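When the chains are written out, they are named A, B, C, D and E in that same order, and each has its own residue count from 1.
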Amino acid sequence: MISLLIAIPLLLAFVSVMWKRISKSLFFLAAIVNLIILLASWFPNGVEIHAMGNWKPPFGINLVLDNASFYAVLVVNAFFFLVSLMPKFVESYGTSLMLLMAAANGFILTGDLFNSFVFMEIMTITAVTIASKRDNFYNAFKYLILGGIAGSIYLLATIFAYTATGSLNMAHVSMAAISASSLIAITTLYTIGLGVEAKLFPLNGWVSGVYGGNDLAPVILGTSVSFAALYMVGRLFGTVFHGNGAEVLYTLALITIVAGEVAALRQQNILKAFAYSSVAQAGVVVAMISKGTAKSMGLAYFHLTNDAVAKFVIFLVAGFLVYNYKNLNGVFKKHKILGASFSMATFSLIGFPLFAGFQSKLRMIMALFSMKDFLFPAVMLLATLIEVGYVVRWNVRLWFEEETQEKAETPVVASTIALILAILLVAVFLKPEIFLNGAMKMGNALADSKDYIQGVLSVVKGGM
Amino acid sequence: MAAYKALFNLVVAFFLVLSLEGIARKIMARIQRRIGPPWYQNFIDLFKALSKHPFSNGWIFDFGVLMALGGALATAMIIPMGSITWTPFPNSDNFFVIMYLFAVGALGMAMGMVGSGNPWASIGVSRALTQMLGYELPYLIVMSSVIFFYKTASIHKLIELQRGGWNLLVMPLGGIVAFISLMGMLGKKPFDIMIAPAEIASGPMVELSGKYMGLLHIMHVFSVFVEISLFVDVFLGGGSFGWYLVKFVVVWVLAVMISSVLPRFRIEQMLKFYWGVPLGLAFLNALFVLLGWTL
Amino acid sequence: MALSTLLISLLVTSVIIYFVSKASWRVGAILNFLIGIFLISYVFALHTGTTSDLGTLFGQKLQLTWTNASFYFSAVSLMVIVSVMLFAIKWLDSQKYPAAFNMFLLMMTAGSLGVFMAADLVTLYIFWEIAVLSSMLIVPMGKKESRKAAVIYAVMSASGTYMYLYGAFLAFQRYGTLNISEIAKQMVSDPSTGIKAAIFLLLASAGIAKSGIFPLHTWLRIAHGNAPDAFSAVLSGQLVKLGSYVLMVTVAVIPSLRVFANIPFYSGIPATNYFLIALGATSIIVGTLMAIKQDDMKMLIAFSSVANGGYILIGIGTMDPMGFEGGVLHVFNHALAAAVIFMAFASVVYRTHTKKISELGGLIHKMPITFLAYLFAIISLAGIPPMSGFISKWMIYQALVRKGMFITAFIAFFGSIGSFLYVFRPLAGVFLGQLPKKYKDVKEVSPVMWIPMMILVVISLIIGIWPFPVLQPIESMRADFGIAPMVKISDPDHWLIRGFAGNWNPVLVFNLFLIGFIIAYILYTMFPRSKKVDLLAPHKEEGTPINIYTGGEYIYTPELYHYNTKFYAGFERMYEKHPSWEKVLGMLAKFFHDLGEWVHGWFFRPSPSAYAFWVSLTILIVFWVRW
Amino acid sequence: MRRLYAILVGAGLVYMLFAFLGTISPYGNVNLSDRVSAHFLAKDVNSVDASKWVSGDKQIPSKMKVFGKKGFEDGSANVVTSIVVNYRSFDTLGEVTVLFASAVGVGLILGGTRRMRYGRKPNFILRVSTGILLPLIILFGVYIFVHGHLTPGGGFPGGTVIAAAVLLLYLSNEEFSLNMVVSKSLEGSMGSLYVIFGLIGLAVGGAFLFNFLPNGVVGSLFSAGVVPLVYMTIGLKVGSELSGVVAEIHEEREG
Amino acid sequence: MVYAISIILIGIGIYGLMTQKNLFKHLISLSIIDTAVNIFIIATGYVEGGKAPIYTKSLPNFAIGKFVDPLPQALVLTAIVIGVGTLAVGASLLVRIREKHSSIDVENMKGVEE
């Protein structure tokens, strides 16, 4: 069953090159089928593996579905589903999106280091393709180069792991006795290799150009792909390497938070501004992951989910605005629903009460204090302060300034989706369990490497 | 009983200060080698002004004059005159109450005069208020240290507590500062820039005529009464009503004599002056009081 | 109705109000007003000690409690808010976003009430943010500059709020509870002074930012000055009081005298409190000096709010029974006065469309009721009897003198005398003097707008004469917090207010004033009637000169003969080269902008070469650190 | 300056990697028995007890004959192929997808519609020799991927060789233009076929990409189960894909 | 030795990325790094005296030490293809960059957004 999550979008992607016209519908089909599969196999509450070609781990490649990967896959596919509802948005990128979906699912589900590299590369290449929408070539190229370097380093890390353990299986690497220096080599390389996709400073130079260059890239890359990348950070540094190298991640992440927010503050381009904001939020999540406990990781992904939902709305609305209006002043007077959703999402980003961001932010701060970490909350609050500055500025500008242009046609589907997600954010404030339960399960699964090893390596037969 | 005392206050104030103003004109004239008007000249002036047909510049002009006079009268009624016997309202003669009640009159006058629509009046009022900022601060600091020292802000109690010796002698610095502030309060030279007849046509009074002039003159009379009485009560100790009158006259004459030989400060000079030495001395005085270094 | 139900239903109602207002904003505004009336009756009917659960967050119970303090602050807030709601029924027709205004005003009301009811730090934070958020969305509905104002308001407010949040969780980490009274209890026995002081100051900083205390005061000028005019009344009259409430919570509910008994600084006041007092004193100086030189009348009163926030903080900070009561009473006085003043200004702007003192003048001839409201409000604001404003200032002076805090007292006196100066400026420049020709057809505002002002004025006057209805709850609050509960300050039986150094009888003082006024009136009527000089003559007939003293010149343009720019030029000249804190904060903001520019320029903009460089450098640094 | 920094950083990086080299076994001195590949070589993955293996019990099979024998879990003589297409077939699917993604990407990025002209005639030798070599090249490509499980080579090299033939066509004939419909259909259907093989495996053997055909004798042409079939689909797919890329690059946009 | 070569190649690639101003050279540098990493991977699989892991008539028997590690070779096969994919996308991007910005030299490109 799990393999279908990758196989179906892939199959439909191959099919879609033959019938280009229906590629959007195929994309929708793939997304909905995936979602149905996921809903059918709700939280596994254990470790389910699927050995590819029936070659048992650690010899063959295996897909692992535990609570962690399930939650990540669920979130990722949900976002793809939302995108697939908007055919106008997809344009001719249906095939690429399906590939991206397959790659993201594979990246999350795989239990094999090299396999994850392969999927990461697919993700990079399709992401570059998507990033080049609307003639955004130079930025896409920069992303390609950075992604290429990161890929090489990731591959090197994988090879170091292989030579050290003789296996590429994550569970095996996790349990193998690796010498300390070897472990340092591996985790250092992985930090850099993943840092590019996880938007760690200063490896995140591509973000502003790619997210700021068109309307599709930020919506999908800023939500699904970044969730997948940050999932991998948790998987590798939490489960596989037991927190080795976490201090480095922590430091980099804190710098990322501040750098992202200050860079966002000065941005005149709304997409870029929130691109930097997502850099900063990625920093928060990585720093939280690097704390290493089940609770901190769970809260990290809770925050990431809230952030991704909010970012989805923000980028959706901002993308629509940027490519329909030259001057954004006061446009929300004409698009009240889009405006309301945007405002709610941005306020959630800050962590105002009544919105989901409040729940995650406060929980994180509380958890950090109970871990006696006094620096990170301070940095987080400082970052939030800067965030308040630009978020309010954008809201005020988009709502209250004098408008100058004729009204563009309102995108009905997009408005509806944005509004539903914004209401979802309020619902999460009222009932955080909507995301929190899954995220906490994810955190537990990521932190519990014993369970993971047990689950992967003792099962002989590949199951459905 | 209190009501009669209060009324008596007013009567004393009216005749005492009006006569003293006449005497002041005489003294000033003598210092300047002139003969000067008779001592009762001010009574004549006042009744002449009151009996004339005036011009009113609108209702706020009238209201302001009434408020000014009312405020001054109310304050004058609270003031103790030298002893507990001559204290009309022993429960309410709190220093701060007197000071702020006194401000009602000032505000009323300022409002009425600006209401006349004449810019000279506005300039005069602006200067008067600025001057208030100048002299009140050292004065209030000195008074605070007095209150801190005697643990009471009630004027009649302060009078009683000075039986052993005048406060002026207990804290001479404070007394000097208070006297300098008193000069400013009285609007005597060198602190009469707000009136400045030659430059801004008598400032606030520019539009006054007839009975308005008279009423404001009465208000001025009571203000002078309140100001000097406060100084006498707080710094020159207790005693009988008679001694009180003597001290009152002495303080007045001293103020007049000093003012008659001085030129006038410009408004910034006035502020700089008050915030210089007097304020410093006031703080020094407060420090001495805190440290217990009183005479 | 339980407290939590009330608040939640208020929040929901506010959204309903929006849609109602979309159909007809006037109905929405009237509904708002009715809800406000209901809230007042509700608040007065509540018994102290009522608690209600809001839910559980992170395993901590969120609770609302109704205390004497909640009652006092809620009542004051509602008084201001309801007046503005009434005011808005007419005033809103000059606004662009009436529906949103109604919604956010009600939402803000709910938020503020929640803050006052909160029994724990997180509940307080939640409602605090709701109040901030909704008010922040009203601010930019004003004129052009108000957009920037909203941003500055949000950032300043947030900087205080986040420090508060940090402090709250620091307290939680240390004491394991968020409940305010529990924390207060545990703090007394906590031996570590440093952490206690940190918690104290961090919690207080929310109040500092909100009530416009130096160094986070600069938002008041721009936000109060540019917000929609009637909303400025709420901002200054009510919202700022949230800050005072938090300051009171940190200073009084957490018994700072006992908690910091080991670091006394001066006459029994701990260093922490003294620090706050110093900030309050600085605010008084800054607020007063800046208010004196403003040309924008709303900004002028905004700076006055800074100064008055300082009074409140000083009063509460002394933790002296007199000072505490004075500070808390000053909340009431300033709320009423500021609300009336801003409503009066809103009326002026409503008719004349300008808030520059230098463009106005002589409106007393056209808007006498507004003028009277303003007059009485400034008498209260300047602390002159018989209005209520005097009582609180008197109490604060008493406390300061008793403690021998002469420098603070000096600053308080300075602020007080300075307030005469600045409140007089709009009086002279806007209402008195000569009416410019362009306003010759201006009319008085409708009763819907002046009635709320007058109601507040009358309340202020009555409390000035008979302050005991307000002093009683404050006294019981003081007893709750255990600040010298034995000392009785108000003595209604003898009509006295008892200070440490002498008493006074507000009724008597008012009567004296009345008698003085009557005598003056008798004198006035005894003497010959006056002839009227028509100041409006030049407006009525073209070519009529002004009929006042002009030094012998014919003058036909009354506005040129109106003295209202640089009113205190002589004094202003003395500090025109003052250092500007706003510039300092501006530099800070610019620093972050430049830093952002730098980060963007160095790490995000460049070519792939630079990316490669950063990647390599990072990996090298990580290697260097870890190898 | 820039070069200096670059040299410094580059040297630092080289130093770092040399330092990291110390953590792995020296060149050529590798004990395969510690690695999973020992069992790929021995083709006995199914008989290894994985849970014991990972905890240090290495279970190395004794020396045995493989070539020409029957009954192994994997039938290809080329062990690399057996890894690529059987043991780690999922990687290969990913690999195919990468290429596919980049082909899609190239199409989307370039978006050409019209054959690009070189503006000069191809020379005689090129034109004539193309005609002679073309069938040979294609034949060679097909040979490579059909024999992928026996000799070095496989789907990817084979497909590339085929694409090289197409490139030759493009170079030698300005009028030539690849029929995109055909190439896309081939590409799509071959890609789908690979996934369908995987799905058949899932249906038959319960695991995606399960080798559901008999393995035969190691070393013979018809052996190794699905490996030759998969390699053939890959070869065709890669061939058509890269041809498509070549075609895309030779197209330009209107105007 | 092989390790050293591959590592130095990586260094050269990084150096090229950092110093070159022509975007195509960046792509080539990236490709050099890819290749270097691939060489490195192959090198990790080398066994002293080992042969290519293909069973032939002359090498019919399984034995440890006779063959080199086949897994890295398989991985490299994949990695090469991935490199090719990257190269293809990059090259096509360069075509369009040249069209849009009229140059592929970083310093001469026109209309690049700040």
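What we mean here is this: a residue touches a chain if its C-beta (ideal position, glycine included) is under 8 Å from a C-beta of that chain, and two chains touch if they have at least 3 such contacts.
All of these numbers come straight from a predicted model, not from anything done at the bench.
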item	value
Touch-network distance, chain B to chain C, counted in steps	1
Most distant chain from chain E, judged by the mean position of its C-alpha atoms	B
A-C compared against C-D, more contacting pairs	A-C
Most widely separated chain from chain A, with each centre as the mean of CA atoms	B
Centre-of-Cα separation between chain E and chain D, whole angstrom	15
Inter-centroid spacing, chain B versus chain A (mean Cα positions, whole Å)	77
Intercentroid distance (Cα basis), chain E paired with chain B, Å	96
Centroid spacing, where centroids are CA-atom means, of chain A and chain D in whole angstrom	30
Of all residues in chain E, the ones touching two or more other chains	10, 14, 17-19, 23, 26, 44, 71, 75, 78, 82, 85-86, 89, 93, 96
Set of chain A residues in contact with two or more other chains	114, 118, 121, 125, 128-129, 132, 137, 141, 145, 149, 162-163, 168, 181, 189, 209
Pairs of chains found to touch, sorted by chain label	A-C, A-D, A-E, B-C, C-D, C-E, D-E
Chain A contact footprint on chain E (complex, rising order)	10, 17, 23, 26-27, 30, 33-34, 37, 40-41, 44, 71-72, 75, 78-79, 82, 85-86, 89-90, 93-94, 96-97, 100-101, 109, 112-113
Chain C-touching residues of chain B, taken from the complex the two chains share	6, 10, 50-58, 60, 62, 65-67, 69-75, 77-78, 89, 91-97, 100-101, 103-104, 106-107, 110-111, 114-120, 122-123, 125-127, 129-130, 132-133, 136-137, 140-141, 144-145, 147-148, 150-154, 157, 201, 206-207, 210-212, 214-215, 218, 266-268, 271-272, 283, 286, 290
Chain D-touching residues of chain A, taken from the complex the two chains share	3-4, 7, 10-11, 13-18, 50-61, 92-93, 95-96, 99, 102-103, 106, 110, 112, 114-115, 118-119, 121-122, 125-126, 128-129, 132, 137, 160, 162-164, 166-169, 171-172, 175-176, 179, 181-182, 185, 189, 457-458, 460-464
Residues on chain D engaged by chain C in the complex (per definition of touch)	5-6, 9-10, 12-13, 16, 19
Sites on chain D touched by chain E in the complex	2-3, 5-7, 9-11, 13-14, 17-18, 21, 24, 27-33, 35-38, 40-43, 60-61, 63-68, 77-80, 83-84, 88, 91-92, 94-95, 98-99, 101-103, 105-106, 109-110, 150-152, 154, 156, 218-219, 245, 248-249
